[in-house]
Amino acid sequence: MSNFPAKLLAGYRNFMSGRYTDERERYRVLADTGQKPHTLLIACCDSRAAPETIFDCGPGELFVVRNVANMVPPYQPDSQFHATSAALEYAVQVLQIRDIVVMGHGRCGGIQAALDPSMEPLSPGDFIGRWMSLVRPAAEQIQSNDLMTQTERQTALERVSIRNSIANLQTFPFVEDRGDEERISIHGAWFDISTGELWVMNEKGDFVRPDIEEQTLQAEIASA
Amino acid sequence: MSNFPAKLLAGYRNFMSGRYTDERERYRVLADTGQKPHTLLIACCDSRAAPETIFDCGPGELFVVRNVANMVPPYQPDSQFHATSAALEYAVQVLQIRDIVVMGHGRCGGIQAALDPSMEPLSPGDFIGRWMSLVRPAAEQIQSNDLMTQTERQTALERVSIRNSIANLQTFPFVEDRGDEERISIHGAWFDISTGELWVMNEKGDFVRPDIEEQTLQAEIASA
Amino acid sequence: MSNFPAKLLAGYRNFMSGRYTDERERYRVLADTGQKPHTLLIACCDSRAAPETIFDCGPGELFVVRNVANMVPPYQPDSQFHATSAALEYAVQVLQIRDIVVMGHGRCGGIQAALDPSMEPLSPGDFIGRWMSLVRPAAEQIQSNDLMTQTERQTALERVSIRNSIANLQTFPFVEDRGDEERISIHGAWFDISTGELWVMNEKGDFVRPDIEEQTLQAEIASA
Amino acid sequence: MSNFPAKLLAGYRNFMSGRYTDERERYRVLADTGQKPHTLLIACCDSRAAPETIFDCGPGELFVVRNVANMVPPYQPDSQFHATSAALEYAVQVLQIRDIVVMGHGRCGGIQAALDPSMEPLSPGDFIGRWMSLVRPAAEQIQSNDLMTQTERQTALERVSIRNSIANLQTFPFVEDRGDEERISIHGAWFDISTGELWVMNEKGDFVRPDIEEQTLQAEIASA
């Protein structure tokens, strides 16, 4: 018998007797015809911010990249292994997704590390240090603002980092133009673990509550 | 007004009125005290294989890396950006997780690409080609076996690749020994999208049905 | 007949036939015995952020200072006219208030002016320029952060300015110690005109939603 | 957890479930398009004389300065901080208001202090003493009149002080002429806390009941 974690096996049995039973046909069809997810979602590894949970998505809906601090590096066509760029390429060129969402969240450990200049490398390889250097200039600029609280600086960098990743996304030639007539829409989102609030980025780059925006839209429609 | 995908906003509202309402306190506590996930789960981006769904996990349980074909590159302490290694370092050194699971699945697009020698690069950067080269020697050896069907070759590489990632995991010094007395347990799992079956790797490297193993074990105990 | 604004006279008639009729006795008693407001509230002149409206307060509850951007200057005992310091002195020494609230709000025109280095004086006297110079160092530091959006910078300065005013409040000797045993509690609040959300400052200086905090409190009580 | 006054939080909840719910759209529009208040209202800090209450005004109507005894200092373009002059400048030059109302009220604590020559400074800074010196000559003249009762002297100074502030308003160049064709109308008002009566200043400087004036006017018309 495997020493596979008992908690996961118990959860798997719940899945089989619950959701899988309800969606057996959907899994069958998805296996036969292949996945056609509508959205590429770039999220953090954080255990409190699973995109399928937050967006209540079922199988086949979200193609999900998860790395520390939900970052996209800039386009760098060299001979290295690029986990995130590879997933991006696959989602755009093979799956033909139409929407990309970069979703950050509050209390992000990666962002916290980026804002802590005194942090020692976590191991001789310093992988987190290297990875978070993707937002180093932004982190330094924000860290130097001693008028904002630590929490305010963290939220600010979490949001700046989302915009940074979106700017990096736009450096990929196939994102800007994949050769068909359809444009890919790129979105930002930020999830507040504590309150459950979702904030989405508007066209000015600001993060706003979507339900409120929608009410305004409905009001605009009503008054038109 | 944001053009954030309506489907995601609708899903988010389900989450807020459903799961979040039920688990409000859990989110609150997780925000205040920080995450303490029991497991690092390395999974594929595939929209049909979300780990939180398959293992029915709630917030705070799984620290999740998702890349194409759920791969771990070997330890490579250079100056590049290593998304997966950074997440691994954070999970082991900061979050002190005790279990690592590499979960593959059937009909994996990345594995399929690795087995197709005629496949053109998806873009001039050839990010998927580079990324899947992590399993190239295995892919070439399996592809040359013309006695197995295409489906058998694919399943074989999906499982070989999981063992390959586990071997790479073991090249990270901090995984083998993070300086405390506790050993990190490493596990493999493979999910069949079509049937919903979960197979877990046993100590010999074979993938077996956990419930079946248990039944066999119970049968062995009963017949002893 | 006076040319007194007709709109105000109409509103006054509503007041007399409505609230005043309901609270006639309360006004009578307040006139006879004098006011005993529980709180000194320092708010902005902005027409969208009237404290009595936002806190649904009746006559006798709030002693209210309103100036542009709800600011408190530092203690400066010279021979000048100090409108805000005089009100503070009266509230603390004569009315014996126990709570002081500095309430800022979103989209504050004064804060916007402070963040606009190209703004010309509004008149040769440059009264707004002088007044907003109370937050000039903070405004310059925040304005130099070109990673945050204009809206994010504005919110940041609105909140920094509240903390700045609270720090200035604490330079007044009679606020820190008015000679009795009772301590004066100082609070910060920020009102979002668009959504109606109220955020209150916690002990770390961060602004949080009070209803959420309270739920946590209730949960703590329930779980105690 | 914040110790924000519970009474204010309770009032805020009333606001959100009551007035804000009714006027959600109005707040939204006011946030998006900015405020366009019709009137600058200079009122006292007194908790019994909130202008939005007395004139039953909603969000967006009144730009409100509140200081002790609702005073306007004379035009003094120096390098000091002038809270009231700054608000006046902003209301006239940016918001382009058309009406200014100086509203006093009965039983004003600031006026009472100005009439009490034996009053000790409230603190070593003597901020109230300094502030009320704006009406010192008037106060001394009225105090010396021993034929009027104390109450009559107080009401008299409350009204003299309103005329004094109006005269000071007229020393501001931009109030007299802001460079457009539209004249700013300046008004005086006095509110009797005990009876709820509003008295408005007529062109001779007298304070009269507006409804009574109108009745008189109608009587004059009728008898003509």
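Every chain is named by a letter (A, B, C and D) in the order it is written, and numbering of its residues begins at 1.
Just so it is clear, contacts are C-beta pairs under 8 Å (C-beta built on N, C-alpha and C of every residue); 3 or more make two chains touch, one makes a residue touch a chain.
The structure displayed is predicted, hence computed values, not measured ones.
**Student:** Between subunit A and subunit D, which partner chains are common?
**Tutor:** Of all the chains present, those in contact with both subunit A and subunit D are C.
**Student:** Return the chain whose centre of C-alpha atoms lies at maximal distance from the corresponding centre of subunit C.
**Tutor:** B
**Student:** If you average the CA atoms of subunit B and of subunit D, how far apart do the two points sit, in angstrom?
**Tutor:** The answer is 68 Å.
**Student:** Could you state the distance in Å from the CA-based centre of subunit B to that of subunit C?
**Tutor:** 53
**Student:** Between subunit A and subunit C, what distance separates the C-alpha centroids? Give it in angstrom.
**Tutor:** 38
**Student:** How many Å are there between the centre of subunit C and the centre of subunit D, using C-alpha atoms for each centre?
**Tutor:** 17
**Student:** Which subunit B residues reach two or more other chains?
**Tutor:** 24, 28, 32
**Student:** Would you tell me which residues of subunit C are touching subunit A in their complex?
**Tutor:** Going through subunit C, the ones touching subunit A are 138, 141-142, 145-152, 156, 159-160, 163-164, 194-195, 204-206, 209, 212.
**Student:** Inside the complex, what are the residues of subunit B that reach subunit A?
**Tutor:** So the residues of subunit B touching subunit A come out as 1-5, 7-9, 11-16, 18-20, 24, 27-28, 30-32, 34-35, 37-39, 45-50, 52-68, 71, 73, 75, 77, 79-91, 93-95, 99, 101, 106-107, 109-110, 113, 122-128, 130-134, 172-174, 185, 187, 189, 193-196, 198, 200-203, 208, 210-211, 213-214, 217.
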